[in-house]
């Protein structure tokens, strides 16, 4: 064992330690509650979208499966929770659980379609699946309410205790709590051998079978997990908005999600969260300033970010950190 | 009766109309140091690809330790002890050297799908990976990203990944290409020092290495087996000299 | 008195941006004509973009308007889902919510504080069905886009038309995103009905349908087009071009509606927005403000939910579209629906009114 | 021999990283240089710097009397630099023949001559670039560079992966190129023993610096030097 | 019969509006989701010339293509160029950013409403053969797209420019090494791609309409054609467009109930059977 003595194993052995910056990050939602008490709905939706984005990050950022149809799972989750609540089963946590199961099943089944082909093929197959789901929901107007939306959702208090209120306090803590728990799980996942093997698949899918790794099995698994995450996010949105309409399945939602993830920096969990925060805040602020033409400024923001910070916000932050390190002569 | 670690029966591979592997029936004895030589484009790499399941044969069979594996997926063959290196590096550019090798070890010992505990919690895998790096003298690069290494070092990682499989049959496709002469000798010493029950099939164009290392040589020409035998037999075979060796070996 | 804050949730960007623009135009025009003062209170208009089809954004916008901007009245709502999503906010916060376009019948039932000044889908569908049945159109082929509103329009049309003795000889639902009507038009040509009843999302689909219709010479084959009037509204008409000539349709407002109120309105509109044409949505925006003004005069400037809604119930006034009223029971609009035909007036395509059904309540609530 | 290439105090690397320090040497027309060194010492980087694929931080780099620093990468090939990269870099979406003709410049080397030299390529002329064996790719890379009819040929481990028979042929071709064709060659190789007899000069790199720069003959004779820098004395 | 002809024509329209993307995404390997924005620009140029300046339709088509190409070149030189080496995802982000800007810009300059467009007389209407009604404009589209497909295919497969382009995309570093002026090739190709986008946009106005949301409304169709055809393969795109057009139109005619599914279902099935696209080669690794 002399060999190992010569080597400092810390970088790999302690990769999963919670760093101070992470703890600080998780103070943001607490602080935000007090600083922006009047924007809780926005903050709630940011948390939900962040969870949705996290789910895409798992499959894209870690496993390298590009998807332009992730809204399929989000929407299915939303309808699952929405229909439950509209038919008298309004307990939120049960709604989440059912949404997770239903979407996981769909995720597992469709994962076999997604395994084939390269990026563009996957992009289009995921898109095709989600568009078909959209059309089905549109067809089944009697059940889903179609474009006009699902009528009559009654969501019960969370844990039987906390009513959803006009200010959105309950909704906020509920969404943040779910986000945190699932983030924690995702974090475990990406630091595990499973997470490492996903990275391996993303970086060189051709080599993994020669290392004895069942690539398709791994991809199926992570796709299923990602689907369940997205389903939960959808369910959260349905419950906190108390309304579901067809747009939960729309192409725009999938595309915007991809955008958010890339903006944040795919392949890092915090990238997903930061991307959501930056994108949705920018959207909100800009559209308040200029309801008609805000898209121009948002577009410009995206372009500038790509030009100056590769790998999105996370990439930019890493760059800044490197420069700081260099400036202060620190070495990693 | 000799036992064969690896056999092919009438293996054929066609690319469109082009026959890359032409009715090859090859026997590799258990524990052999078997070299496969032949001109460029003779179909050596294709043969390895067929053996490992990287390519599907057009017809014929692959038999590993007496069992047909022709229709098994690549990773299933690996699980049965068949590992390989690639002629052109296939590495994980953004992983560190240690991560890459740890990942390989994880897969071998069957913890590749564990998702709850962190990588570092499986110390036995990390330790084994570090050991392996030490044997290949890569320890000081353990935390470097693969992409930042020079070609020759990457070559070594290619081999480390295969060794991490603790294979019973190891297929090496020009392992020493791009490794400087001095280091390729050490490399071969490492490979030669593998337990005798590990069977090795080697493709190599460096005849010094081949003749020092191999106890059996098969010659492949235009997709078909030309001949086989001990190094001494091959070295004096006029046909082999004509199509492949030229003046490389002066016995 | 304190300024009155009115928060509007509208699609200002995205595929329905034209809706938001028209409604805002109408609302601002009324305010400008009244020096931004309604019933003695200065009015502050806050506009939030909901991008059209994202109910969660509509709901967020409504909630923020109430919680953060502390508006007295919610207004706008271009599409049905946004109205549905925002309804609980008005209900919980007890804020009046004036719907200026969302057209599903059920919208007003979702909160006791909702008032509608636009129209409902059945309300503009039934009249053209009735007119057709009475005017020697016996066999109709219905072509609707396959989505909620399309299905509702189809149902209402069939109901009214067959009740009046007409016959549906074929029906088809086309995909909502449908760049090409060729296959459907071909089918219609094969069937040869007296008329096609058309309901598709207004915009490029109307244009595409009418172009295909003209290309295939269906008009020469004796087939007419009847539709709800939102398909031939002034904003779209120019894009449809001469192909639109002869379409018979029903709606509550036309730019060439003949009344002094409308003449004044149209003139003022062009003066304020020389690049746009006034349409029914702009009039909804205009009337929404007018409703606020009239109601506040009655309550003495009190905009609190219960008082406001109580006062608004049964309110009636003369709009550019004619006389209109708020139904005291349903809080929905009661108005005259005109039967119009697309013609050229002074070189411009217009919906020329030639028949009407007066004081129509929402047939969807009967 | 008139001067073709001259490097003075060249410092180069990738991005901000410096790999090569203070490299100077010069090469005449028809001259040949063996570029030696262990793994990762910067041999490839030096060739990349000449081709404009790595970053030249400082120093001067003149080719045929012109300052290369201001010549864009793609124009260097037209000035007469032919490159056989270490990773071969065959274009996978082009057929073998297209790989050869895509940039051909008229001159001694044409399709016919390349095919004569590597008959294997002619047999595989309609294959796509990614459907070749390793050795065939190596031949193709060499052929592609020759089709440019360069004044200076940069060969990065050109013997790697070739069958012994072909290696022998190639070595004699390289010798002919320099002796008869007047083409200058820089040859990177691990097998010092094989190429030192072929070249006039040698440059040994050690961690990015030149530790030997002189004629090949002397180096070949000096086993100690060879051993300490390259570890090849045993051969 | 008429159904089949309509299907072919609708397929050709698909081809025309997406062929520009086959060039930028397929050949140059740049995920240019702003393709629709360039098409929209072509559309607006054409409509403006037609309605404001009274330029004849046929004359306004090349102008639309050139104007769009000009915009393409300017953007390529200033922005796109810097992202060739970036990941596909960064390219997505960037090009969607451009899409957003273009939507808001079009909204600002042209308003949110549909743009009117009237074809010249000689392109209107149909001529009728027994059992077959042929729309003249549709026929025009079919002829034009066949010509474009032929020309492009020649350019890519049969010329040295095409080979240099493929080489430059495969490996820009090595391409420079052998003397290919990668920058110039990319600029030219991008100009070609955007010119085709502009042309497609101008031709599409008649059937697809034109408003500021054009770039996102049809993005799915552009992508479908390129993916099904096999990235980088012009003939593949043509055949894919044909199949999709015919199946889509026939599906709507015979089974309108599931009309909306047809195109997606066909796409998914085709991609599952041929993940590389109809004519795509296995991606090089």
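Labels A, B, C, D and E are assigned to the chains in the order they are written; within every chain, residues are numbered from 1.
To be clear about the criterion, a contact is a pair of C-beta atoms (placed from the backbone, for glycine too) under 8 Å apart; a residue touches a chain by one contact, two chains touch by 3 or more.
Keep in mind that this is a model prediction, so the values were computed, not measured.
Trainee: From chain B, what is the lowest number of touch steps before chain E is reached?
Mentor: 2
Trainee: Can you name the chains that touch chain D as well as chain E?
Mentor: none
Trainee: Rounded to the nearest whole Å, what is the centre-to-centre distance of chain A and chain E, using the mean of the C-alpha atoms as each centre?
Mentor: The mean C-alpha positions of chain A and chain E differ by 32 Å.
Trainee: Roughly how many whole angstrom separate the Cα centroids of chain C and chain E?
Mentor: 36
Trainee: Please work out the Cα centroid separation of chain A and chain D, and write it as a whole number of Å.
Mentor: Roughly 49 Å, centre to centre.
Trainee: Could you list the positions in chain A whose residues touch two or more of the other chains?
Mentor: 135, 138, 206, 292-295
Trainee: Can you pull out the residues of chain D that are in contact with at least two other chains?
Mentor: none
Trainee: In chain B, what residues contact two or more other chains?
Mentor: Touching at least two other chains: none.
Trainee: Every pair of chains that touch: which are they?
Mentor: Touching chain pairs, listed by label, come out as A-B, A-C, A-E, B-D, C-E, D-E.
Trainee: Please give the residue numbers of chain E that touch chain D in the complex, ascending.
Mentor: Contact set of chain E toward chain D: 160, 163-164, 166-167, 169-171, 173-183, 232, 281, 284-285.
Trainee: Provide the residue numbers of chain C that touch chain E in the complex, in ascending order.
Mentor: Result: residues 13-15, 17-18, 21, 146, 172-180, 182-184, 186-187, 203-205, 207-208, 211, 214-217, 235-236, 238-242, 275-276 of chain C touch chain E.
Trainee: Touching chain B in the complex: which residues of chain A?
Mentor: The touching residues are 1-4, 6-7, 9, 11-16, 188-189, 191-197, 199-200, 203-204, 206-215, 217-218, 221.
Trainee: List the residues on chain B that touch chain D in their complex, please.
Mentor: Residues 15, 37-46, 87-88, 149-153, 174, 177-185, 205, 207, 243-249 of chain B touch chain D in their complex.
Trainee: Chain C touches which residues of chain E in the complex?
Mentor: Touching chain C: residues 2-3, 6, 9-10, 13, 103-104, 107, 111-118, 124-126, 133, 135, 137, 206-213, 217-218, 221, 248-250, 252-253, 256-257, 259-260 of chain E.
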